[in-house]
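Below you'll find a set of structures to go through.
In the two complexes that follow, chain A is the common piece, with chain B as its partner first and chain C second.
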Partner chain A sequence: MSATVTRDDFFAPSIGRRLIYAGLIVYVVYAAATLGLSLERIERGIGYGARFLAGFFPPDFTKSDILPGLLESLQIAFLSSLFGTLLAIPVALVSARNLMPRVVSWSGRLIITFCRSFHPVIIAIIAVKAIGFGAAAGVVALTIASVGFVGKLLAEAIEEISEKQIEAVRATGASFMGVIVFGVIPQVVNRFIGFVAYETDANLRNSTMVGVVGAGGIGGTLFSAFQRFDYDFVAGIVICIIALVMVGEVLQLVVKRVFR
Partner chain B sequence: MSALSIRGLAKEYVRGKPVLRDVSLDVAAAGITAIIGPSGTGKSTLIRCINRLIDPTAGEILFEDQDLARLSGRALRLARRRIGMVFQEYNLVERLTVMENVLSGRLGYVSAWTAWRRTFPEADVARAFHLLERVGLADFARRRADELSGGQRQRVGIARALMQAPGLLLADEPTSSLDPKTSVEIMELMRDLAAESGVPVIVNIHQVDLARRFAGRMVGMSGGRIVYDGAPEGLGNAELKAIYGGESWLSP
Partner chain C sequence: MSLVATTEGARRWVRFTPAERMARFAVYLAGVAAIVWSARTIEIIPEFLLDAPEQVADMGSRMWPIDWRHFWPEVWPALIETPHIAAMATLLGLAMGIPIGFLAARNATPVPWLNHLARFILVATRSIPTLIWALFFVAMFGPGPLAGALAIAFHSVGFIGKMFSEGVEEAARGPIEALTATGATPMQKIVMGYWPMALPTFWSVALFRWDINVRESAVLGLVGAGGIGVALNSAIDLIQWDRVALILLTIFVVVVVIEWLVTRIRERVI
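Let's look at the complex of A and B:
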């Protein structure tokens, strides 16, 4: 067999890749066809969309239930972030494989996986069924989500700390808690604050959504405005939510800068 | 009377492949004992077995009327308080201040709650300031450890170890990451401070000349065994060849 290779051979896709590309195209055509996603349907949809968007203007900020809804969302976000991150600390310490025996860290990981398995809205649906409509259900749902998220990140941060610093603290005769306080916490505290800021920002967004399933906050107001075809009010609410999320973003940046 | 007495110490990380084989060593209550030997010959393992950062496979380590090899839990922690350790890479907690690092030498004596609130006893804080002054870093108390140079960090490491009020000071290649001038300064500091506090020192060291200059006794290790134990003056080319092997590196 000749060892010469032409330039074309280098860049020509392999048979396997060609098959994947071809399969992808076939599936897209099949999916669009079975969903009735024809050109005519898309054209009709754009027409609906234009009328829908026209209904947004001018946005209506005058209705009195925007402010209480927003404030409730804000409260849900802050309370769930506080409870969630506080609960995440012991869960993360227990889950860190470099601090705990395998059986213990494994059970910690199980808690984290459980908290992370479902979208916050799914947990909110369950929480509403479990403890009734209102902000309390929203706080519970977002707290569980926060434990999963912050717990996972913090556990990973703890697993990445320098063993040498831990060794030195152990060598002084420090107790396990002494090692945590002087060896582990100083190494992860800044990253933890970053996680808390990020999670608070995420909860601010999620807290506007749990209301859709009856777990309190501005989401409920938004949902009922939709059902009334009250689109100018919807626009007002959406703009307020965007403003709230942007404020959260700015707060997160400030916190990160201060604690760098 | 010896401060530390090691009897038949052995360590196998992997069964059947001993790193330390039947090491016995008596360390006097004062002075510097230098352990030399090629990399991987068990010097670090020996030192870490003494304060049980590594668990020995067999043997006794007698220190202050206890066999350290048999201790565990609280008894081990209480024994560790009496053994200071200085590390090759300083091992300071980088995000804590110099003062906090020095005070961490008291963690065996105060509760975690006290440590968390930083409410160390007055006497501890006063001693920490005194030690920082002695190592020449009094002005650095509030600086974060990761802002210091290597030599400064090792000074903090020495202050932290002495903060424990130890009955024995271990140093695992304390000068291997430092330039020659700083290495000498660190060795001088350890010698002087240990003499002041009446603490014997065991130091692992790669620089034979530095060891000769500061140690009253040299222990040469090879293949997990002690092959030389005696005065620095007795350490000639023949002995160095027995410790490190080869001879092309020796000065004629």
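Let's look at the complex of A and C:
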């Protein structure tokens, strides 16, 4: 046996890959240049940041509008998760390519893509215009976002189900609704509950933000405190938001473990 | 599955143990209670809701026809800034998140206090919403894309680090033991052992986060942190709804294009 095989033959990088990496580096340099980064700016920024952090201490929890804001965020998160996931079920059933003809599933996918493309806060801006300031706009905005997200995940879950059970249900002479209720839903219900828990967690995070555009919740309180330069109050609100989000994340994990 | 004895002495299979049933019931109960409480206490102004169809019709009529005249020179520069912000934020997030991810992985860093510290950093950064990070960085570095990129980067760290550390913890023990047998240092084990095994996770996390970051970078302008959101904000402040419609359409196109691109790259790389 001739020993002509060397290490390089196996691990030689391809020209195409090198070109992609080179292109990536050029892009990064270009994109970094557009950010307007300069040493002097960073230095000054860090100075401001230090002053800022000093303004945060001690955090102020005493103002009375923290608790109502937090509770309103919770209300927005719960209600939008309920409406969003309920609406997502029919949308997902319509979008699943293994259940519906192509034309129908495309229209479902269009709805999902549309709902998913816009950040909840952008939807909230439009919702505030449509139904005025307050929690209702937040609920509508997060509901639309939830339809997009849960709809997509659920549609994918439905596309992965086993055909055998559907065939078995169909062989008993079940109607279309019968197939959906006894053949499709039981196969995805546990994953669906996981998605609901995940989406509730995501809605909780976003419900703390929609207030920035006037759609209710703690975000409005935070934004106005920020504009008043009331930094110790800002610190108090941010700590409360972090605590709320952490609790949400833990609860989501608990729910997922229960329904595994 | 668990086995229970019925009163007649016969044995019967049931799907869940009593503890599992109680846990499920508790989750259902908590969910219903949360919704009932929210529905009863949420403050909604009924006049605004009654007014909604009228308002939506009014908005729709003012959004159409879409005003293309603003595309150049106002919308395009802001639009092109948005994917840049997302890309820089993703890279910066990866640069910070991957080392912290290695520190958080119990097998790559067998030092409990370092694991806990890293996990705390990941949870804390993840818990602060992007817009709040953006408010801070705008106050630090002034309005502009730099603040936006930093805001998304710091928010992404938590997500990237968490997913990546889970990928590292799933790495096979065999190659690591082989490296240990050759006398590799902990750093060499990471570079030669864990990193190659976690590479698929790395690509999947990077692409997934890039996709999310494009969407996020579209809102940052609302607090002055650059991108298309700045144009959106000023169009809304000027109540020019035909211009708002144009901006929303361009955001939609960018997001769909990037998502298509991500799916393509994912098919090729993973």
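Heads up, the rule we're going with is that the second predicted complex is superposed on the first by the 224 of 260 C-alpha atoms of A that agree within 3 Å, B and C clash if a C-alpha of one lies under 4 Å from a C-alpha of the other, contacts with A are read in each partner's own complex, and residues count from 1 in each chain.
Everything that follows uses one rule, which is that a residue touches a chain if its C-beta (ideal position, glycine included) is under 8 Å from a C-beta of that chain, and two chains touch if they have at least 3 such contacts.
On a predicted model such as this, the values are computed, not experimentally measured, just so you know.
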{"item": "Chain B versus chain C as contact partner of A:V103, first or second or both or neither", "value": "neither"}
{"item": "Chain B versus chain C as contact partner of A:L39, first or second or both or neither", "value": "neither"}
{"item": "Touching partner for A:P186 - first (chain B), second (chain C), both, neither", "value": "first"}
{"item": "Touched partner set for A:T208, first chain B, second chain C, both or neither", "value": "second"}
{"item": "Partner chain in contact with A:H119 - chain B first, chain C second, else both or neither", "value": "second"}
{"item": "Chain B versus chain C, judged by how many residues of chain A each one touches", "value": "C"}
{"item": "Chain B partner contacts - residues on chain A that touch it in the complex", "value": "162, 164-165, 167-175, 177-183, 186-187, 189-190"}
{"item": "Residues of chain C that touch chain A when the two form their complex", "value": "20, 23-24, 26-27, 34-35, 37-39, 41-45, 48-49, 51-52, 55-56, 59, 81, 84-85, 87-88, 91, 123-124, 126-132, 135-136, 139-142, 144-146, 149, 215-216, 218-219, 222-223, 229, 232, 236, 248, 251-252, 255-256"}
{"item": "Interface residues, chain B side, partner chain A - complex", "value": "51, 53, 77-83, 85, 87, 89, 91-96, 100, 104-109, 111-112, 115-116, 157, 160, 164"}
{"item": "Touch list for chain A against partner chain C, complex", "value": "27-28, 31-32, 34-37, 41-42, 45-46, 48-49, 52, 71-72, 74-76, 78-79, 82, 113-114, 116-119, 121-122, 125-126, 129-136, 139, 205-206, 208-209, 212-213, 219, 222-223, 226, 238, 241-242, 245-246, 249, 254-255, 258-259"}
